[in-house]
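Note that chain A is present in both complexes that follow, paired respectively with chain B and with chain C.
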Partner chain A sequence: MNLIDAIGSFGFSILRLSTPIIFAALACTVTKKAGLLNMSVEGMMLTAALAGVLVSAVTQSVILGILGAVAAGCAVGLIVSTVNLVGKSELYLTCIAMNLIATGGTTFALYMITGTKGTTFSYLPSLAVPNIDIPLIKDIPLLGRIVSGHSVLTYLAFLTALLTWVLIFKTRLGLRLRSVGENANAAQSVGVSVTRIQTYAYIIAGAIGGLGGAFMSMSYVSWFSREMVAGRGFIGLSANNIANGNPFIALLFSIIFGSADATSNVLQLTDAGMAYFIKMLPYVITIVSMVIMSLLEINRRKKMKQQVVAKAIAELHLEGKDH
Partner chain B sequence: MSSLLRVEHLTKVYSNGFVANKDINFAVEPSEIHALVGENGAGKTTLMRILFGMEDFQGGSIYIQEKPIVPKSPLDAIGHGIGMIHQHFMLVPSLSVAENIVLGMEPVKGGFFDYEEAVRATEETAKKYRFDDLNVRSKVADISVGSMQKVEILKALFRGAKVLIMDEPTAVLTPQETRELFEQLRRLKEQGHSIIFISHKLEEIMELCDRVTILRKGECLGTYDIQDMTQESISRLMIGRDVELKFARETHDTGNDVLKVQNLIVVGDDGKRKVDNVSFHVQRGEVVGIAGVEGSGQSQLASAIAGSGEYHYGSVVLNDLEVSGQSVRSMREKGMAYIPEDRMKDGATVNQSVRDNIIADRYYDPKFRKGIFLNRKAIDEFVNRCIKDFEIACDDADQPVRMLSGGNIQKVVVAREFTSGCNFILAEQPTRGIDVGTTEMIRRRIISMSHENQVGTLLISADLNELLEVSDRILVMYKGKITASFRNMEEVNEEILGEYMLGVKKMSEEEMEGQA
Partner chain C sequence: MKKLFTILLSLALLLAAAGCSGASSSAAPAPASSEVPASSEEPAPAEEGLAGKRVMLALNALGDLSFNDLLYQGLMAIKDTHNVEANYAEVGTDISTYEGYFFDFTDEGYDYVFLRPGFLDLCKANAADYPEMKFIVYDTTPLDECEVPNVYLQASTTYQAAYLVGMAAAGTTQTGVIGFVGGQENPLIYDFLTGYIQGATAVNPDIKVSSAFIGNYNDTAKAVELATAQISNNNADVIFAACGGASLGVFQTCLEKGVYAIGCDSDQYTIYNQKGETDLASVIMTSCLKKIDKSLEAIMNRVAAGEDVFAEVQAGRLGLADGAVGVADNENYQKIVPEEIRNQIADAEKKIISGEIEVKSAYYMTQAEIDSLIASVTP
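Now for the complex of A and B:
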């Protein structure tokens, strides 16, 4: 295998591995803009992954399979937001519980349907989302190798970033979403229902997370296996935290984290220890960048206060009041 | 002439039985700027929250243009033409001015938010009410506080408000911005709008308003034409003249300084000077009172002294020890006792027992220890004596503090603080919201601690009666500065204090030194 080929296939695998992270990050972006952290994205994706396999196996339709996954994601979003907003429960505990239910529930369903606890492979005739070649671009040497031939869902992930941006910044719902996230009292005072807007945010997040789940079980592989999301939801959550609600920066960091995944996969063949180290990097990057951001804020505040104090001291000396 | 807004016999009783508003009557005429004044806790805020649909009420009625209404929510109130400009702006910083104005009733074109239409509609309203120099495309985060207030006013007008309620609108403004606001409000008045103007600044009320309604302790004292009033007559009505229960004042010796505060400056997170070059001292055996309208910097001063808040310049010296950087424990060991403002949050751990709360600052004392274990017998003996001495009404020492009444919770705090062997007490609102009996006990204890045990006390209180009864010396804080000092308690009364607290008067350096 020559170098161009190697780079090409590495680039291809970056985009492929970034896809679920992009969906996860965007699912978190929507709720983040409405002022809530979406820790349940992992559960959304896992539930959706199973739903996609089941619906496509039963109906023998890829489209219905994807829609089934999206519906499952939305259902998880609706449950979390209802429990949190109507039931007034602690959001993070609700999300953690939801993730645990998703893990246990999907494994249970898997066992009930197939009689095994591992995978639906060879038990259920589920379908895969087709890959598409992009005309013209597929013939460009390196570039074609990297960007052409991906799953429809991979292209959809990039499109979703754009759509999320449009939703947040160009629609009425987006305006309300941002106002609720930034100053809920202000939104409430002009008759915007905070509960309703946050519920919408969670349902939209569920739909996007659902696409991520569909990618896992209908593109990445064409079956469901237990705990197959394996932390990708949390990595997306981290990418979104760094991006602070900007869908394009969330996209960028998802790809950076996807690259870490791809690098780790390559190293798995040669240096397994290093591979695990690199798998850890997205989380390390998240923690480090959060510390840096908060230090910058502390520093800004300190400087502002120093300026005010300096001015006050100058006034004191001017008036000769310093005893 | 029919009133624009009229309130009749309005009564509000909170679920805990506290009567916040009692039989309030007042009317706002068209094209009128109507001041509403009263001390903290007089019921102004509750009244405004009722009018704006944020609180329900138990009796009476509200009329808009002689039509009875019951505002159920802020949205409902706006629908009836009542707008409110809150002290804390209800704005979304990252959105533009136009987006903030149309929020909740956004124009839509082809499924998308129509920003250009929002800008057009906002500019039209701004022009109608002559809000010049407001760039409606700017982000709210980038505009000045004065402009933010304009956006708030515009938001209410855009929604068709005829009556604007403004809660302390000038508190956040510079003098120039205040002048600009007043011109704006006068223009609105000419256009037929009415304004309910809530303020502590009597000077501004005299300048701007047509009439004034005065509240005291939840009751309405009546509405007066401004031209018949003076700042002094308003403040006299606001503060009232209740019979004061004076303690016998005896002369006693005071000694060297226990607390020395010099050139203290505290800057808040908003970049404002909360405490602005404050210097004073407290001697042994002396009670120094600090008076001031809430938010004049007293709480920042208290937390700087208590060591729980930072300060940015100057020094706080407690018994020759610079407070900055000291741990709470070392300050307590140096002789500090502290009764914090919020007894439920800072004064006591409410889920723990009376016993645990009383020994919280001394469980490590060898007297209460047996090796690495607690000496339960010694502790119980001490705690039971405290319960008896301070008349704490509890089942036993094991009862969790949250089960006690407010007055008894404060007794637990006081029992701990007054038995710690301190020589300095920082008492922040020690009797707020507490029954008369406990109040008297706490005041007597403070006095006897200072006179008999030579303890120095700094008493921060909103209760002027309390300050006048207990203090040997009173300082007044206004906008972070000390603006008055009184040594002779015979020469001072609530009206005089009120004038300094509201910034009507200010002592010069020389006058204060003459008193010190």
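Now for the complex of A and C:
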């Protein structure tokens, strides 16, 4: 077996496995910055995966299929945010309900449309997003094998990380997002509509999650099958929780999680026990880093409090001297 | 707003319930009546007195192009041969809902009820209260037992069929490495894998078998990854997909990479060919058949012949001798598998039935034995 080939194929797998996780993580990043956890990303992706297949099958256009997936993701985001912000429901329960609706609803729709509850394969002539070879790079021996020949959506995932960063840190909307996330009352007091901004965040998250869904049903495979997202949304959510709203760290951890998955897949072929250990790692990493981060956060708050108190005392002293 | 929200939520819950568990919790889930309309042509005369009996088949969900669709075919065959009233219910995989279904069936008072293995405990506990009904739990493990006098347990000798496809794989591979993608690491799937390995090594003692498991039966993307890893890391050029609906991911990968695949449970080549997916079908060189439809038929035939199968305690294992398992013999099989190997397989089939070749079932092996068998052929 050619070692270069094996490594190349392994690297290629990492990027392919990471793509849906990256989209999921970024979808969570946007709402996280607006102060809300997006647990419904799994449902967004699943709904979008079905929508992408349906629209591309009907219109015979890949672009429209992707747009359909994005629209479906946005719709899920809009429903969650409306129910949560206008209906004042508990966010997590809403998200869990939304995920259950997506699981049941997509299977139901699948059954209504194709008469089966398994897959759209051979029932709907849906299209796949093309894979592209990058000129020049594709000729570099190992790198070309890893980086070139991916789905357009894989490259878009990396671009989306950049765009999400621009959105959050370089635009007016991003500023409002962050202000709402940091302190909703303060934002409200200067005239920012918290409800509106958080709704926007959910719709944008839906669009990004929708791309992730499109990747599952229009790239990985070219059909929809029930429950095909299989927890990738939640893994993305964990990646984002570690990143704490930073799109690039979210991207990094998505790739780390993708690598763990790829390693476990390859290890399974030789050492099944070790494969399950590796498979567990992303979750261990998530828990450990969340504990570390919350400790750091507690520390930071403590320091801030001390500083505020010290400042107040100093001011009191000053006032006392004045009189 | 609150009202609107309430309405939305109720709608959503309804939708979720509908999608998760078939169309309703009653025993009649299909939108049209689940009672199968009598066929237009005159049914075959029912000579054995099963005519007019009411049969209920509880299955997971139709449309998997595999096991569940085969069950349905079996039901149809029983209906045609014995002129019974055929009903079916899609009960899903959530065992916690089975109690409701079970008592729906007993309320209806069906004469013969075919149940998923998840119903076994309910049968043990309650079947004796309904002596006028007969329960058949299909696809149990061969180790299962039930002493209740109106319950019969069916199991299949899938390892025999897996042995045969293992021979086909080892006889067809060019690289000397064959692959296996399983659903979950449970005895059911191990039974396929161990049979596959035994058959492969019978043809070529130096064969390498690369095996991997998805962890469920839905994740097609994971199936794609595992098959890709077997092909590019281990050079496998025939992959046996024993992973339910996720098998499609294996087939697609085999098509892309130009290697052969082996299907499971039903004749996947013929099914996909009929659906017009000729490209995909062309890579499926054969399938390891668990002809659950033939098993159901065999049981009903024995019942019709007056045999008291329900007195049996141990699960009855139907296999090659009953035509309940086998290797899919179709034009692709004829084309791809060398004739010499096909003859060997036909020969082995007879020898397994006569007992001359003894294939070990994973059910009677310890985990250590299974692991060492797998390790002995790992590339």
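Definition applied: the second predicted complex is superposed on the first by the 284 of 323 C-alpha atoms of A that agree within 3 Å, B and C clash if a C-alpha of one lies under 4 Å from a C-alpha of the other, contacts with A are read in each partner's own complex, and residues count from 1 in each chain.
Convention: a contact is a pair of C-beta atoms (placed from the backbone, for glycine too) under 8 Å apart; a residue touches a chain by one contact, two chains touch by 3 or more.
This one's a predicted model, so the numbers in the text were calculated from it and none came from an experiment.
Visitor: According to the contact criterion defined above, which of chain B and chain C contacts more residues of chain A?
Guide: C
Visitor: Going by the contact rule set out at the top, does A:186 touch chain B (first), chain C (second), both, or neither?
Guide: first
Visitor: Once the structures are superposed on A, label A:250 by its partner contacts, choosing first (chain B), second (chain C), both or neither.
Guide: neither
Visitor: Tell me the contact category for A:6 with respect to chain B and chain C: first, second, both or neither.
Guide: Once the two structures are laid over each other on A, A:6 reaches chain C alone.
Visitor: Let me test your reading of the model: by the given contact rule, A:312 touches which partner, first (chain B), second (chain C), both or neither?
Guide: In the superposed model, A:312 contacts chain B only, not chain C.
Visitor: Just to be sure I read the superposition right, which of the two partners does A:28 touch: chain B = first, chain C = second, or both, or neither?
Guide: Neither partner.
Visitor: Scan A:175 for contacts with chain B and chain C and give back first, second, both or neither.
Guide: first
Visitor: Quick one: is A:211 in contact with chain B, with chain C, with both, or with neither? Answer first, second, both or neither.
Guide: Neither partner.
Visitor: Of the two partner chains, chain B (first) and chain C (second), which one does A:265 touch, if any: first, second, both, or neither?
Guide: second
Visitor: Flag every residue of chain B that touches chain A in the complex, lowest number first.
Guide: Residues in contact with chain A: 74-75, 86, 89-95, 99-100, 103-106, 108, 111-113, 155, 159, 262-263, 265, 267, 269, 271-273, 276-277, 279, 312-313, 509.
Visitor: So in the complex, which bits of chain A are touching chain C?
Guide: Where chain A meets chain C, its residues are 1, 5-6, 9-10, 13, 16-17, 20, 79, 83, 86-87, 89, 97-98, 100-101, 103-109, 111, 114-119, 121-122, 216, 220-223, 225-228, 230, 261-262, 265-266, 268-270, 272.
Visitor: Which stretch or stretches of chain A touch chain B in the complex?
Guide: So the residues of chain A in touch with chain B come to 170-172, 174-176, 178-179, 182-183, 185-192, 301, 304-306, 308-309, 312-313, 316, 321-323.
Visitor: Which of the residues in chain C end up touching chain A in this complex?
Guide: 1-2, 4-5, 8-9, 12-13, 15-20, 61-65, 90, 185, 210-213, 216, 218-222, 224-226, 228-230, 232-235, 245-246, 248-249, 252, 272, 275-277, 378-379
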